[in-house]
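Shared chain: subunit A. Partners: subunit B in the first complex, subunit C in the second.
This part shows the complex of A and B:
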């Protein structure tokens, strides 16, 4: 009998153990390891024990590194522009398409395709379309009698090209989230507005958008976090070039480790990127907390009114 | 509101048509190009969609799986076929592992009230934050020098399992919560031990959740490039790695590479059409519910 009780008490741990072990060894440990590695002068051929401890020198080097600062700004610019465009387009489309139409389910299915396909393949498709001679864009332009555009070989155009590809891939994400939020809005508020004679624009600006705001802000932050992680599409499209015009941080980390074999420096960069994302995530949690607190206050106030 | 099933004006349908063309267009173009010979790709007089298709590119890619020898393939390069094989092995095994381990953990968290749901969704979101690029250096170092798992399937499978676990646990929790506890109690009364309850009672009920989680995990393992590139050796390379390797070559054979890309894209596309509802639920759950 006592054996059975013991077994029962151990059961939860037995269920949890495999997941716990894997997460500790394959996820937490590497992240801790990365923090440590960022203080080392370390090349891939060395064991970590042989690498020299150099304190903060990796970080100081980064601070003084023109190329790193450039790619830092490219990252910020890319994330900012991409997320703004996607939010505007995604929410706009959701507002336009929020109607009872047949085939909406199929439409949504078609829209998530770009997100499901491997980023590598997305990069491949766009690289083909941007191709200076065989690409569909330049061919169409030439057929219409215009000059071809140097999509991937000019630094400004390359940045635009990368932004377009990302907008193509991720606008549906915002669209689907915004549509879900919109369809869960309380009908009563909208009907009340209609009775009061609000027009379409007033309904959108005064009712729909404010009520969707909590979801939209979480969506924005999720997308922003993901925008800092984009790597494969840009790797295939431009490999960061021409120059450093499209080299976002994640790509720079990859290249520093892969091509320049500076693991310590790559770790230091990873650390900085991680801290930036951490700040965003904490911001998101804080926002959620504040929202929940406000909601529960409102609910409490409403209950008081009822009594 | 319901009474107003309004007839939309044509501009509205035009907008929808334009959107569909925009989102499917590039994929359709890739599909079309994969049936084109390289000569046709470079010939400006051959239109993008209407040309005489050929399956030569697919024959080149899959040459070592074919039961006949395609005439145009002089030397059968087994790289793509092998990579396809590797991708399947890595994707299937890591999905299986993640699901088994993940649903056990999710069950323990829900039924034995370990940590709150809050803790788990927090961990999930935190994990979502970590970019694969950040894991690159430490995982390469540890796998190579400490675990001795570099260039093996085990190494790639391990990191994919770890990466996907938090999300799988989190999404399965929400399904397990809905399983009526009375059912489990009844099974216990009949003398089933906790493991039997779990495998014979709980698992069959949460099948839809398992399907959704499986699609998400498999897709990530199937599509991932960065870590696979760092961890795989010559014989364990997955398809994304071979694609990137072959486009760094100066002279790109677009038809062949598009055929490879298409083969890589087909499973996710199929999943999307079969289970778009579950996928959208999984995608929106994080934001809409928190």
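This part shows the complex of A and C:
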């Protein structure tokens, strides 16, 4: 092989190299570091080389740690509830607003505003609104003659409060994706359904939703991955309390490292979370693969008949 | 009693009027074809009958019932769309049975109907395939099958063949004609293809610019076009138009123009002399011009061949008649050379004349 050809073959890799190097330093190195740290008994006062290697003991400790198990369930419960609510509301809103009415463009923009606000700010905003005496909710309730609600000081209400804030912020995400999916549906198929005698509900249930399903499933998985990692809003709103009622995993990890100074154990928790998210991500890719394979099989079948 | 009647139907988008009062009556079980160039309002008319577009003014009657304010599903229609509009997530059987399933008909009845229609359209082996696994022609057939399974009173077709390639289109056209013989229902068919219109329609409605130009049987429209637009739209190759003058010369009425002089037969002569203006447009169909070197002078036209398009047994010749262009047909084996001047006899009974101002036929 001549030098010129060899150089030609290498050209694409040279262009990829800068991105590759950044990826190695910014992604693979920290992850490797974290995995390694999870096998150490390591406090922030030590350099990593001085930390004692303790094998899997961090993971075994986690298994027996009631607080960790609690926050694991809080996370699952939180992610399950918010994502379900967001899917229902987001898709519902998209179904409602998928029409040409004057001012709809403005309305749609307003709907996606919450998503654009930094999570910390969202947390602060809601904390003021939930404030037991001066917050808008309790003031309104009192003006109407009702008792105020202990939004952030009662464990059940605190969980509801963080769920509401998250739903408020992330429903728009589902909404815009669902709306985009809906607007790319084949118009004539919907018209055909109308002529075939379908009413609005039947059109939604039998045509629109099934056709949107691939997009909705990917949206659901994306949102689920995000919900498992949520931190800032809850940190600002409740800091995990009262008790452990709103302490989701990310917050637990943060506190284990910051307050309890157990870097090794925090790393082990992070690894568990990472593995869970990895499973979801792989699930998402697998779903896409299956979809693509099915489509190409269909195309192949159609082409065979054409000849 | 007319089955479907459009009464002064108007469609406006904002201030922009696209249909200017369409009046149309279709007899029971008639196959009506709406034909015209893009943007003539034919699809809009069909979609208004279907209930997919609102009616700005006027009324649509199906039987005696005004339907313009009814939902599509209340109009007892089935429709075949240009892009088939199949439900991509349902297999062929489910696609075809969708309307019946919505009506909650018994399972057995649905299966029988779908089976019978699938049999008729040759879809029996594809019932479990999804639309994505079908070829264009098969999808088209499923769309047709879905409409047939519904057993509606009226069938609407919105350019159903225009997404198919030429060969398949010919096949499907024949199948449609065959299906037409088996299914006696009201059918309204929209197309821009005049061959589809001529071969399928009991009645053709030619539209242009949001107006009906003429309606009638294919033969009526072909033989007695009401105006220059209809004359030029139907027929292939299209009718030739030549600017001409009418003059009386020694007891004969002659139409003459740049490079030709033709004596009109008696009946045409009477009509032509009765017309107020002497400047007209002469319409000659290629099929009414026959190569004939010995034809008498006033019954023929001399043409200089510019281009010859070989299309098999026949060739289409593009010629010059004076400075005007004209197309004629000729048996391909006739030995001719480009640039040669040939004499063509004119079938004078089939001459068409149009007013030069209004373009309306002179009869």
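Everything that follows uses one rule, which is that the second predicted complex is superposed on the first by the 285 of 307 C-alpha atoms of A that agree within 3 Å, B and C clash if a C-alpha of one lies under 4 Å from a C-alpha of the other, contacts with A are read in each partner's own complex, and residues count from 1 in each chain.
Quick note on the criterion: a residue touches a chain if its C-beta (ideal position, glycine included) is under 8 Å from a C-beta of that chain, and two chains touch if they have at least 3 such contacts.
Note that this is a predicted model, so its numbers are computed, not measured.
Trainee: Given the superposition on chain A, which partner contacts more residues in subunit A: subunit B or subunit C?
Mentor: Comparing subunit B with subunit C, the partner touching more subunit A residues is B.
Trainee: After superposition on the shared chain, which partner residues are touched by A:211: those of subunit B (first), subunit C (second), both, or neither?
Mentor: Second partner only, subunit C.
Trainee: Touch check for A:52: first (subunit B), second (subunit C), both, or neither?
Mentor: So A:52 meets neither subunit B nor subunit C here.
Trainee: Looking at the overlay, what does A:191 touch: subunit B (first), subunit C (second), both, or neither?
Mentor: After superposition on chain A, A:191 lies in contact with both partners, subunit B and subunit C.
Trainee: Touching A:295, do we find subunit B (first), subunit C (second), both, or neither?
Mentor: The answer is second: A:295 touches subunit C but not subunit B.
Trainee: Which partner does A:254 contact after superposing on A: first (subunit B), second (subunit C), both, neither?
Mentor: A:254: touches subunit B, not subunit C.
Trainee: Intersection of subunit A residues contacting subunit B with those contacting subunit C?
Mentor: Correct list for subunit A: 191.
Trainee: For the complex, which residues does subunit B have touching subunit A?
Mentor: 1, 5-6, 8, 12, 15-16, 19-20, 22-24, 26-27, 29-30, 33, 41-42, 44, 48, 101-102, 104-105, 107-109, 111-112, 114, 122, 125-142, 144-145, 158-159, 161-163, 165-166, 169, 193-195, 198, 219, 222-223, 225-226, 229-230, 240, 243-244, 247, 254, 257-258, 261, 264-265, 268-269, 271-273, 276-277, 279-280, 283-284, 286-288, 290
Trainee: Please output the residues of subunit A touching subunit C within their complex, sorted ascending.
Mentor: Residue list for subunit A touching subunit C: 186, 188-189, 191-199, 202, 206-207, 210-211, 213, 295, 297-299, 301-303, 305-306.
Trainee: Going by the contact rule at the top, pick out the subunit A residues touching subunit B in the complex.
Mentor: 7-8, 11-13, 15-16, 18-20, 22-23, 25-27, 29-31, 33-34, 37, 42, 44, 47-48, 93, 96-97, 99-101, 105, 107-122, 124-129, 133-134, 136, 139, 142, 168, 172-173, 176-177, 180-181, 184, 187, 190-191, 215, 218-219, 222, 225, 228-229, 231-232, 235-236, 249-251, 253-254, 257-258, 263, 266-267, 270-271, 273-274, 277-278, 280-281, 284-285, 288
Trainee: Which residues, counting only subunit C, touch subunit A once they are in their complex?
Mentor: 50-52, 71-73, 77-79, 81-89, 98-99, 102-103, 129-130, 132-136, 138, 146, 150
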